[in-house]
Each structure stands twice: as structure tokens, then as C-alpha cells.
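Could you have a look at this structure, given as C-alpha cells, before my questions?
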Amino acid sequence: MADYFKGNTEYFPGIKKISYEGPKSDNPLAFKYYDPEKTVGGKKMKDHLRFAVAYWHSFCADGSDPFGSATHVHPWTADASSPMEAAEHKLDAAFEFFTKLGAEYYCFHDRDMAPEGSSPAESEKNLMAIVAKAKERQKATGVNLLWGTANMFNHPRFMNGAATNPEFKVVALAASQIKTAIDATIELGGEGYTFWGGREGYMSLLNTDLKREKDHLAMILTMARDYARGRGFKGMFYIEPKPMEPSKHQYDFDVETVAGFLRHYGLDKDFRMNIEANHAELAGHDFFHELETAASMGLFGSVDANRGDPMNGWDTDQFPTSYTETALAMYAILRAGGFTTGGLNFDAKIRRNSVDPADLFEAHIGGMDAFAAGLIAAQRMIDDGKLSGFVKQRYASFDSGEGAKFEKGGMSLQELAALGTVYGNAGITSGKQERLENIVNQYLLNL
Amino acid sequence: MADYFKGNTEYFPGIKKISYEGPKSDNPLAFKYYDPEKTVGGKKMKDHLRFAVAYWHSFCADGSDPFGSATHVHPWTADASSPMEAAEHKLDAAFEFFTKLGAEYYCFHDRDMAPEGSSPAESEKNLMAIVAKAKERQKATGVNLLWGTANMFNHPRFMNGAATNPEFKVVALAASQIKTAIDATIELGGEGYTFWGGREGYMSLLNTDLKREKDHLAMILTMARDYARGRGFKGMFYIEPKPMEPSKHQYDFDVETVAGFLRHYGLDKDFRMNIEANHAELAGHDFFHELETAASMGLFGSVDANRGDPMNGWDTDQFPTSYTETALAMYAILRAGGFTTGGLNFDAKIRRNSVDPADLFEAHIGGMDAFAAGLIAAQRMIDDGKLSGFVKQRYASFDSGEGAKFEKGGMSLQELAALGTVYGNAGITSGKQERLENIVNQYLLNL
Amino acid sequence: MADYFKGNTEYFPGIKKISYEGPKSDNPLAFKYYDPEKTVGGKKMKDHLRFAVAYWHSFCADGSDPFGSATHVHPWTADASSPMEAAEHKLDAAFEFFTKLGAEYYCFHDRDMAPEGSSPAESEKNLMAIVAKAKERQKATGVNLLWGTANMFNHPRFMNGAATNPEFKVVALAASQIKTAIDATIELGGEGYTFWGGREGYMSLLNTDLKREKDHLAMILTMARDYARGRGFKGMFYIEPKPMEPSKHQYDFDVETVAGFLRHYGLDKDFRMNIEANHAELAGHDFFHELETAASMGLFGSVDANRGDPMNGWDTDQFPTSYTETALAMYAILRAGGFTTGGLNFDAKIRRNSVDPADLFEAHIGGMDAFAAGLIAAQRMIDDGKLSGFVKQRYASFDSGEGAKFEKGGMSLQELAALGTVYGNAGITSGKQERLENIVNQYLLNL
Amino acid sequence: MADYFKGNTEYFPGIKKISYEGPKSDNPLAFKYYDPEKTVGGKKMKDHLRFAVAYWHSFCADGSDPFGSATHVHPWTADASSPMEAAEHKLDAAFEFFTKLGAEYYCFHDRDMAPEGSSPAESEKNLMAIVAKAKERQKATGVNLLWGTANMFNHPRFMNGAATNPEFKVVALAASQIKTAIDATIELGGEGYTFWGGREGYMSLLNTDLKREKDHLAMILTMARDYARGRGFKGMFYIEPKPMEPSKHQYDFDVETVAGFLRHYGLDKDFRMNIEANHAELAGHDFFHELETAASMGLFGSVDANRGDPMNGWDTDQFPTSYTETALAMYAILRAGGFTTGGLNFDAKIRRNSVDPADLFEAHIGGMDAFAAGLIAAQRMIDDGKLSGFVKQRYASFDSGEGAKFEKGGMSLQELAALGTVYGNAGITSGKQERLENIVNQYLLNL
């Protein structure tokens, strides 16, 4: 990988390329577990994990929150004389960060990368100009685009929804924005295109036509899919479930809801889930649950890697630090076949009061180490087969005989009921939950 | 309606048939709003509301909770010399209660009505013996069965699931129990048959095969439907969503999850939702949301009328008292066409420390008044059309022209995007949420 | 009340003074229940309710949220050529709103009213200049200041806390800001001064010294009290409990926590609680609970009137609409002696998509009607004494004899134990919860 | 330790004394981290951790839940011919379990150990008879009593409260029960006596006099303290906070609430907190928060070691498995001086479907290993001082000069405000949260 940022202004001076130093290192700017070229289960760590940096949190967000103004000062914005120049400086800062960190991928919204213009045409022009520069930097650095998306939640025009807006004109503007964002994604060789519907929901049911809004959403997704496929896009489309916030209720509530929606509207061949830990939790689910649920339906795609705080009821988007959670996540992902077009995108932000430039690095390092450690543990779980062997054995009565006949659909209720004539001790078999939990812990502590 | 309980032991002595006395009455044993024969929107209140009493909470539950033993003493059990005699006394008490209260319907689980025997055959015999007696009492009183169901969560054999049990033998026993419960429901002329999957879920994902369990669940539902239809059952099948408790996670999480499941397995023609307010809340939804969501998909069926406590994270199953909630519920139900085979079943229990015999009456009276008041308010909402008119107007841009063309699927993304070329003030239209909320309140206060 | 805004630019053109039209009016810009001069329980409604408008939500907030930019356009800002001119125009708009709405009071943070300067001295100068103008407008309109406060959460300098900041210099800056805000409050004849500690808490326990931070907080409160009393301030000090947001955890978690804190540090003579419905809920409490708890400890002071959404885990600050909640709130408040220096401050904001100028009026009207209806119901509860009579009777065994002796502290454990020698049926007395809930509903529906 | 159970019926046949085998062992019945005699920070692990087994969950609870009947069969009950014989067999089983597991302590409620009689006198007689036998077994095995308590939540007489019951007679019966439980605790050399107020709260505020109930609670605690001290009891009294369940609201909501209560009623010299992880979570707090909060007020005492499920809103009482949580807990405990009279009591239960006798052992082993690993990590945190050093430095401006003067109370608001005259960059210092989180993880992964 070329040292991209030479010749440009260095926006993170004093920070060198992050390297692996092992679990005992006390260098906060070194990896303890993530060793990109190390092979785990026959594949390099970096190819398993496919880390991506989120453009919005890392280079656009400014530390403001509903009760406080910006705390994060961005030198890449400060030294520019126009919004477009600022956008290019931000691009420099981003690629400097990607390469110093050693991330293979990034993700962006259209408006993260280039400023909105005074018309859709100008917005498109702005975006495509920066995309051209991003393409050069991708080539120079080897960093690639995991997926692109369109920001259809920030602007006031989307306050009542984008694809689900009650005004047709806004739906048309959304379509225009999606088309451009798809074009940008294709131009940058993006491996996916994501929909997160922050305003696709409602603030009040009293003014909402649920059926019409969901039909419109499906229509737009269908049209977007057809457009991109028509342009030769081979990547995956993702829906990112989230139950609420900013809307009171969002249509892409959780994996099950989205699965039902995709199947109902015939979109389940082209769309997969982009699953976020924090969103899972807000919907009342463990991250592991959402991953396993998507995988069990063949709809797992990619991950927005972060964590929430179960004591806080909003999207805190913290960097992942729970090794138990990352181990179970990687266990689900590996068993689902690993990432193909997807990856681990850090949809995570440093805290408002983390104002040192190094904090952004340390936060990503912590997250990457958490998933690297999780990967190692998960591979061991798979290799020794204790967990999966237990599960397989638990359902063995359906592998042959009457159980297998039942499973294949070859029985009527009468026939099946006729087999259930003696109570005996049926069903009184321990689930061994505590043992399995201890086993998971042991993998983690023996990295 | 005959005075059924004459000649039997009177289990609620001193309490007469509850009558309507109007909003100013200070008789705790009188209806303030529920006036069964009164016409609202061209239909009698009783035919709108179709109130049912839940056999389990009202005649079986004993006030015990995870930290305390029974507080509710049931005279109908105390004066019996055998479990079957106790079951018949309970039946007497139940029909005395139904008729004194003026409920048109009841609902039961097999095990509420008759004790489990030492074998499936004996359990069936027990149930059918009591069913024969129930049939007589139905005839004598005019009280009918809203729906029946099988209790497949209490017995230890179901601790790992019923239809989703990892042991085939338990699935067969579950099938046997379902078959008998369907037979009982048919015998009693039940208008529906309900599935609530308290153990159809998991305690730990570590020992669970999600796909296999959900496939098995669908298989059993399919077999049950085929069996009942084969026996000529014309009633509706219901799934009752609940996200958790007693399991850590249940497959019938919420309306959207169940809708996806029913459609995926081709069950959406015969199955509808039985929606419970408290379960909605546990899943992170308003009761109104769940009703509207089911209605918008054509899957609304029946209601388990109760409320939870948003400050307590478990199923408190309290009697409904929020007139705002009942008004919005009835507004959703009336717009969905009202109840056909379904009704308002009080899946609600008096508090553990409500130990007066009259408490059971007062609790039901409060719930019936809440829904009667809600019905009156809802009918007014419909009659004057302020709310629906606002919503219709809000989406008017899709009723004709390009908007209508979009909605019908006649556009490509390029065409639609081409319509979105000027930002202007698109989308900056007030949702008028506060006005609509004020209007809803006004209906309620002007009953 | 003078028609204040004549001669000024009218910022809410087309909206006249809101008047009472009664429950049947379908004018969205009229009161249905709030009839300011009407006497309830021997006192005018307006003197019971003491409505205040919150300067921040109504004249400063712009509809932005964590995922979206401003939607509310403020003409009073747009037509100004400097921040100080904008501040005066905002003041005009605010007093126009107060008088048209008929609110008797308002509340403000220093930074709502006047822009921060480049130094504490300039900030003070800015504030006092606007305060002088506010004083004139108060005199002209008869609208008074319920309480003032200092915004010590928005600026980056407070990102690690204000009084609890780990840097002494920030604590000194906070003190300087508090001093000025107290001066402003005194100048405007404010009846109270409030502390809400949005940043007085922690983001991470790992970097926090709990004891030291709480000691510092108490020190600042003590110093502020001493300063204001020294200047002759007779008003009340308020702490406004909130459990979290923006901080992960805030020290003023709930009423019990704050009561323990005030008593421990000897502040309970001068400080009372300003209780907010939405904050109560975020802490796991009903609004009624927090009010009753504060009242039971003699620490009830004022109210931030709003509501949250129990399905959303953040501070939604919606306008109050639940008549049950307002009735119980007013029941608690009346029994606590009613408001003395406190009042009902609408710490509530219109939704982001409520962009019509009338929405702000309609939202306040809805909230005022909700509390007016609640007041009427609460007064009836008190007048007929059904609820309080039941409670009094329930504890009657402590009013005389051995029970009274116990309550006065005149018994040892041995003596008391010696009285408990027979189990009998002790304690098996119904709590009559369902009856009491029905009674509460009846008051509401018979307004 | 003597092999106690020789000569008795062996209730856990086939299970030998659990021994330490180290992190690589794949024996589910061996410790991986808990090595009792191993020295950590100059003290044996067993003396740090002081593990106790909870009599109720391990020997009384039967796997029933609100939706299901008993699944756990207890041989010690099955082979007895009377309740008192069953109680003695249970005692045998318990001491067999304690000694095989290697727990140093146990905890009990009066009713766990001996059946309630038909009168307080008979209940006392029953309990003291079993206590005499327990004393022998304690002597024979070296297992000691960590604390005793009285079960005042199960019996119907307490359905409206025990010390807070509105009927004086019930309060007297509660006193009688407490007196006996204190006597039993003293007789067994218990190191503490605990109050958990499952029914000391309310089901409905409508029928509750908060002030009177809390006064009564304080009175009973005072009387109990005086009685025990009068009998020479030197142990600690504990309050165990829990916010709700079984009551809607409990008075001992959380650590802050209880601290305020104890201080207000002058009980903070004799009472400390017994903090439970699951209860902390139900109150909206991290376990670590509750421990640190109690420690910061000098009120930390003991721990009920378990965990909840943040996705389930009730008391799941699972065995602790999160090494991050145990590490932070032990870090708080060690810094608070470690346990003196307190310890780690496993108030945890195996899942309803964990029906193998070995499950109880494996669950405890998992919990003990979790705390042993946490202890090792916590000691390292203390030894290298990275975390505490960071915190100390963060507040250094209060260690000398004006900051120290402020902290000592030597300043007025005017003086302090006069120090805050320049904004500058005050407060813009990173909290380094991400770095500190990474450091905590590193301790854990390097055990």
C-alpha cells in the first residue's frame, strides 16, 4: 500500500501506520489481536473481517448532541476556502486515516462526501466531482468502497419521509438522489449499496397510511434494484434494520420485519441485511440473535459494527468492545459462510468528549482488536465443534424415522397425534445452557 | 338469557346481574358506559365488542407470582372431592360469572377446563367430559365460545418447546393435545382457535437451531389447519404475538414477525392475529400500532384486551383502563371492518391483593366500560371523518397524475428521478400531530 | 393585559388572543377546558395552574435532531442584522406569544435570551441588556418570570461537566455564569431559580471520581444559594431530576436520589424539586410517583409539563395530552398544597415536522386544556374524598392503640413480636386497586 | 474440610469435590480460574471472594415460572415422610453441595430452611430445630453462614407488605418473624443479616400512603438493629436494593434511594448495601455503577452475584458469566477495601430446563470462575495503576491552589466567579474513554 498522504497536508501528524504488536503491548496505537496477514481457518484475518471506516462518523460528525454543540474540530474543514475544497480536504484526511489504520474499506453517504447543491443537478455534479477524486485515491491506496448510500434523513424535505413521504414530489427527489448515489457507488466499484430508513416510518400513526407508505417503499427499492442491475451492478443491496430514532417507529424495525417485507415484495433475491449491534438492542434483540435470524433465512449480508449501552435507550453508536459479543457475532458470520460482498463497517463514533486526534485511532483499534479476538475464538468454536455438535445431537430425533418423516411434511395431524400416546418422561432433557455459556467463555479466555 | 345458576351452588352470592346505570352512577357493580343493547353506528354495542371472559385468569389463576404463593381462594375448587368434580364446579362458577356479568363469550385452554390425566387418552377423556357439560351450559345461557386453545407451556414436557421442541416425541404429544383441543373447540361451536407460543422460542441461542424450529412450527400449524378444515371447522385460526416471557425470545415476536412467518409458510389465508395490548408493549410497540399494522396487511383477527405497565418489563396483564388506548383501538378495529369471528377477550387478571369476590366483577366492569367508551369515541371519529379526511388529503398527490402512475408501478427510477429536478419547498408541510392529538382527546372528553 | 405586540412586528400574524370556547368548540385555536378566570376549589384556574412557556423550546429550538437539520424557521431571527438584534426580536416574538396564548409566566436559560459573548464579561453584558428589555415587556404585559437558569450543557467547555468538571477552571466559569443568571433572575423578579444538570454526571465511570464530583456539585449549589440569599432572593431553588441524556448517567437521577443528596448536604431547606414527566419515565417511574414521592418528603416545588413516549427511550419532550396523567398529577399537587412559587412550565416542543406557526399555539392549547381538565377532575377527587377516605381507612390500625404506639417509636422488637402470635387471616384484605382505577376514570369522563 | 456427606445419603452421586484444573481443562466439573489457595494481591482467592451458595435458589426453587410448573425434582424432598424430615434432608443435600463445590459460605431465608408452622411459635420451633442441625453441619464442614434473612414476601399475609403493611397486625407478625430469623442468624454465627423488601412497596399509588409506609419501614429496621445489637450481634445489616418485582415499585429502588433513606433515618452506621447485578440493571444502572456509588458513600457491604438479561425486563437471576462485568465489580470491591463481613452470594438460579444434577455444579463453577478471573484482572488494574492514575491526574487542579481552596469550602460564589473571567480553551480535554475501555479489555485477555 502506497504511503498515500505524502505530498498532501498530513491531518493526523505524529501518528504512523498502526501495526500489530501483540496482546502484551502497552502501546495504545498498536493492534493487540488484529494481525491482518495472519491466517485463521485458512484465510487471512483481513479477508475475514473486511473492516470499513464510516465516512460520516469519522470525518463529518462534530461531537454535537441534542443538548450540546460541536466539540470535534476538523482541520480538513478549517483550512478550506469553499465547501468543495473542504470536501476534497476531507477526502485527503479520510484516506490518510484509512491507510494509517490499515482499513481495507470505507462506506459513505452522498452528502458525507460532497455538499448538497442548490438543485439536484448541482448536488449530482458536486458528488461526481469528488467521486472522481476518490477513485484516484482508491487506486493509489488500494482502499475500496464497501458500500455507498444516500442520506435521505438530514434535510428538512425528508422530515415526513423519503420514499414514504406523503408528497409525491419528495419521492421523486429521493429517487433522483438514489440514482446519483447508485451511480457514484458503481463508479467507485462499491461492493454494495445500502438503505437505512431513518425517516421511513412515522412520528404519529394519526396522520399515517401504513399500507400506502410501505407499498411506496417497496416500489422505490424495486426501481432502484432494477436501475442498478440495468447498469450492470453486481453488488448486493442491503437494508439496515432499526426500530426507531429519529422516527418514533421505523418500518425496517428488525431482521424479522425486514425479512417479511422483502419476501412479500419479491425483493429477497437482491437484498440482504446490514445488521447493526446497537439497532438490534434498540429493537429488543441481542446482536447475535439478529445475525443468526438473518442467517437462518439466508438473508445475512453485512454488519454495522458498534455497540449500544443497554442502560441508555438511544443509538449511542459506541465502538465495539465486548469480546463475548464479537466472538458470538463472528461465530454466526463464519457459519453463515463469512462475508462475501459485506464486511465490518464501524458505524461508531468517538464520545463527544474524546477530542484528541488519536482518539479516533484508538477507538478503531479497540474495535478491530475486539473483532480479531472474536474471530480467533469463533474459529476455535467451529474447529472443535463442541457447540454445533451439541445442537446437532439435540435435534437428532428428526434426522431419521418418524421424526424425519414429520419434518418432510409426510404426516397428518391425526397420524402425528397417534404417535403421542404416552407421556412418560418426554421432553425432560437438560438444555445445558450453563455448560454452553461456560464453554464460550473458555474460548475467549484462551486466545 | 336464562338465570342459569339457579339450582346450582351460587359462587358469587350477593352479586346480581350487572346492569347499565350510566356515567353518573356510583355503584361499583354497574356499567357506566357499556349498555349492551344501545346502538352505535347502526350496530348494538354488544355486537361490536363481543366481550369474552378468559377462563384461565378468572377461574384458574390463584394470585401466585414468582415471589409469592396463592392468595385467591376458589370456593369452586374447595368444595369438590375430585379433580373432575372441581372442574365441573369451576364450570358452574364460570357460567354464573359470565351470565351475571353479561359477557357473550368465553375463551379457554384445554387444561383450564379439565385436569390433565395420566395419559393423552385420559386427558382427552377428561376434557371431552367437561366439554359435554359446557355445551349444556352454553345452550342454557346463550354464552358462546369465542375461541379455544391448548396449554402447551405449563407442563415440564414443554420446557424446551412444544411444536418447536428438539425431541420429536414431544412434538407428537403436542400434536395429540392440539387435535383434542380442536375437537373440543368444534364441539362447542367455537368461532376461532388460537395459538400462543409461550415456549415456542428459546432460552439460549447456543443450543438452538432456529431454522429447524421455525420449520417445525409452521408444519404443526399447517397440519392443525388441515385437520380442522377437514372436520369442517369454518372458524378463524389466530396467532397471538408475544416477544418474550416465559422464553427469553419467542418466535411470534410481534405482528410484523408473525405476518412474515405466515406469508412465508403459506398460512396467511387461514390465520389472523390475536393482538394483546400488553404483548405489544413488551415488543416495543403501542397497542394501536399493532392493530393498525395487522389491519394494513389484512391480518387483523381478534384482541386480548388488557394493559401492561410501561414501567414494569413483564406481562402484568392488568384490566384495560386507558380510554385513549381503547378509543384508538376501536378506531383501528372499526376501520378494519369490526370483529367478524373475533372479539375482546379479557386476558387480564385482578391483582394478587384483590381478594374480594367482587373484585373480579369490578375489574371486568372497568374493562368493559373502557371499551364501550372507546367505541363511542371511535364511532364519532369515523362519523365526522376529521382524522381520516386529513390522512386522505395528505397523500392526495398519489391519487392522480404522475403520483398515481408511480404508485401503480409504471415508472422506472430514471423517469421518477427526472421528475425530481427542483428542490423548492418540497416536503415542508406540517404533519399537524399536535392538532390531531388534541382532536382525539376532544372525542374522548365529549362522550 | 395590554395588547403588547401592537407597534412591534407581529410574528404570529393571523392569530388572535386564544379564548375559552368550551368542550364542544371545533376551533383548534380555542381552549376547550382552560377557562382562566373560572373558579375551581375556591381559586381561579390560572392561579392554580400558573402556566409558563419555555423560552428554549418555543423560540430557540429549530427542529433539528441527531439525524436531521433545522426545520423550524424563526422570522424573529431572520429579520435581524446582529445577534443582539435577533435576541430582541426573539423577545418580541416571545411576549407576543405569551400574551396571545394567555400564559402568566415564562422560563429561560441565560443563553436562550442573549448570545454568549467572547468573554464572561461580554456574555453578562449581553444578558443584562436583554434582561432590561424583558423587564419592560414584563411590565407592559403582566407576564412574569417563573424561574431562570443557566445553560451549562451546550458549550464544549462543559462537555466534561460544569460544577462537576474535573478541571477547576471550568467550575469557576460555571460559577461566573450562575452568578449572572441569578442576577438576571432577581432583576426580573423571578419566583425561582432552577438547576438541571445535563452534564453533571458521567460518560464513563472509568474516568470519574464520583465522590469528588458530587461534593463539588453540592459546594456550587451551596455557594449559589448563599449568594442569592445574600442578595435578598426569596424565591425557591429547584433541582430538576433526570437520569441520563445527554450524559450516560446524571447525578440528579430521580426524586429519591436528589432528596438523599439535598438532605446529605444540608440543602433541603432551600431546594425543592422541579419534576418533569418525561424525565420521570426515563428513570423508570410514573410522573405521579415522582410527584407523590417529592410531596411525601416535603420537597415538591414545580413541574416541567410534558410527556415522553414509553416506546422511545429518549427525551421526546412532547406536549402533555394524557388526561389521566394530568388528573393524577394535579391530584398530587393539590394535596401537596398547590403551587406556591412553582408552576406548570411547558418544557415541551412541537414535533420536527410541525412547521406551521399555528402548531406552537395548538400544542400549548392542548397541554393547557389537559391540565385544566386534570385540575377539574382532581378537585372533584378531593371534594368527594373517596380516594383519600379509602387510604385513610386502610391505615386506621395505626391511628390508635398498639399501632399508634408502634408508629410513635414506643416499642421494642420483642414487644412488637410478642403481639404477633397468631397468624389467622392477618393481611388478607383486598387493596381494591381495580375499583380505585375505575373511580379515577369516572372523574375524568364526567368533567 | 471433612468429607461431610459420608454416612448420609449422597444426593449428588457421581460428583466429586470440584478442583482447580486451569484454563485449558475441558472438564466441565473443574475450575478453570478459581484456585482457592492461590494468592492474589497478598491474599488467598477464597478470602477475597468469600463465595456463598443461596439456599433458596439451589435447594428450594423448583423450576416453576409464571407460565410453567416445577421441572426440578429434588431427591431430598422426595425421600422424606414429613416436612421437617424433608428440611433435614435438604440440609444434608445443601452441605453436600457446599463441600463438593468448595463454597465457604451460604445464605438462607428462614422459610428455606424450615417449614412454616401453624403459628409463629411453631414456625420458630421448626426453624430453631433445623438451625441446631445446621450448626452441627457447619462445625463438621467448616462452611459458615454469610447472612440470614426472613422471607416476608411469599405468604399471602404479606401481599400488601410486611413492615409496610397497612394493617398493624401484619407488621407485628413480620416483627415476630424477623426476631426469630435474627436469633437463628446469631445462633449460626452469621456475619450479616439482610433485608430484601420484595413487598415493601406498592402495587398502586392510589391506595398507598408513602410517608407512613416508609416511616414504618424505618421503624422496623431500627427496632431490628437495636434488638440484634442488644443480643451482642456484631455483624452487618444489609439492605438489598431492587426497583420493582414482585411489587410495581419497591422502596429500596437502588443504591442512591437506599442511601438517602438510611441517612435520613439515622441507619447508615449499621446498614450497608447488598448489591445485586440483576437488580441494578432493572433500576437502569450498571452493576459497576451501583458498586461504585455505594463505595463512594461508604455504604458498600456485600454482593448478590448474578446477571440479568438486558433484553428481558424481569429478574432472570442467571449465573454471572461476563468477565468484563466481574472484573469491574472486583475492581470496585478491592478499591472499597474488599469484603469484610460480606461476600459473593450466588443469588442465581439454573434455567428451568437445566434439569441435570450436574447443572447446578456447572452453573456455580462458571460463576466462580468468572469472579476469579475478574479478581485477577482487577488486581492487575490496581497494581499497575493506569486507570486510577489517569483519574487522579484528571482532577489534579483540585489538589492545590485555588481548586483545593474551593473544594474545602473556602470560597463564595463571587470569589469563584471572579476566577472565571476568560473562556479560552477551558474544559476541552479528552476524557480518553476509548483508551480506558481498551485497557480494561487488555487486562482481561491477558489473564
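Think of it as A, B, C and D in the order they're written, each chain with its own count starting at 1.
Keep in mind that, in the parts below, contacts are C-beta pairs under 8 Å (C-beta built on N, C-alpha and C of every residue); 3 or more make two chains touch, one makes a residue touch a chain.
Chain labels with UniProt names: A, B, C, D = Xylose isomerase.
In this text the structure is predicted, and so the values were computed from the model without any measurement.
For the touching copies chain A (Xylose isomerase) and chain D (Xylose isomerase), the fraction of interface residue numbers used by both exceeds half; the interface is of the same-residue type.
Set against one another, C-D and B-C show the most C-beta pairs in contact at C-D. Between the CA-based centres of chain B (Xylose isomerase) and chain C (Xylose isomerase) the separation comes to 39 Å, rounded to the whole angstrom.
The centroid of the Cα atoms in chain C (Xylose isomerase) and the matching centroid in chain D (Xylose isomerase) are 37 Å apart. The multi-chain contact residues of chain D (Xylose isomerase), meaning those touching 2 or more other chains, are 71, 156, 158-160, 203-204, 244, 249, 284-286, 311, 351, 353, 355, 428-429, 431-433, 437. For chain C (Xylose isomerase) in complex with chain D (Xylose isomerase), the residues that touch the partner chain are 118-121, 156-160, 165-180, 203-212, 214-216, 219, 222-224, 226-227, 243-244, 249, 253-254, 256-257, 259-261, 263-264, 283-286, 288-289, 292-293, 296-297, 387, 390-391, 394-395, 397-398, 401-403, 406-407, 409, 411-414, 416-424, 426-429, 431-433, 436-437, 440. Listed in rising order, the residues of chain D (Xylose isomerase) touching chain B (Xylose isomerase) in the complex are 63, 65-71, 153-156, 158-160, 198-199, 203-204, 244-246, 248-249, 282, 309, 311-316, 351-353, 355. Every residue of chain C (Xylose isomerase) that touches chain B (Xylose isomerase) in the complex is listed here, in rising order: 23-24, 28, 32-33, 71, 281, 284-286, 310-311, 319, 321-324, 350-351, 353-356, 359, 362-363, 365-366, 369-370, 373, 428-435, 437-438, 440-442, 444-447.
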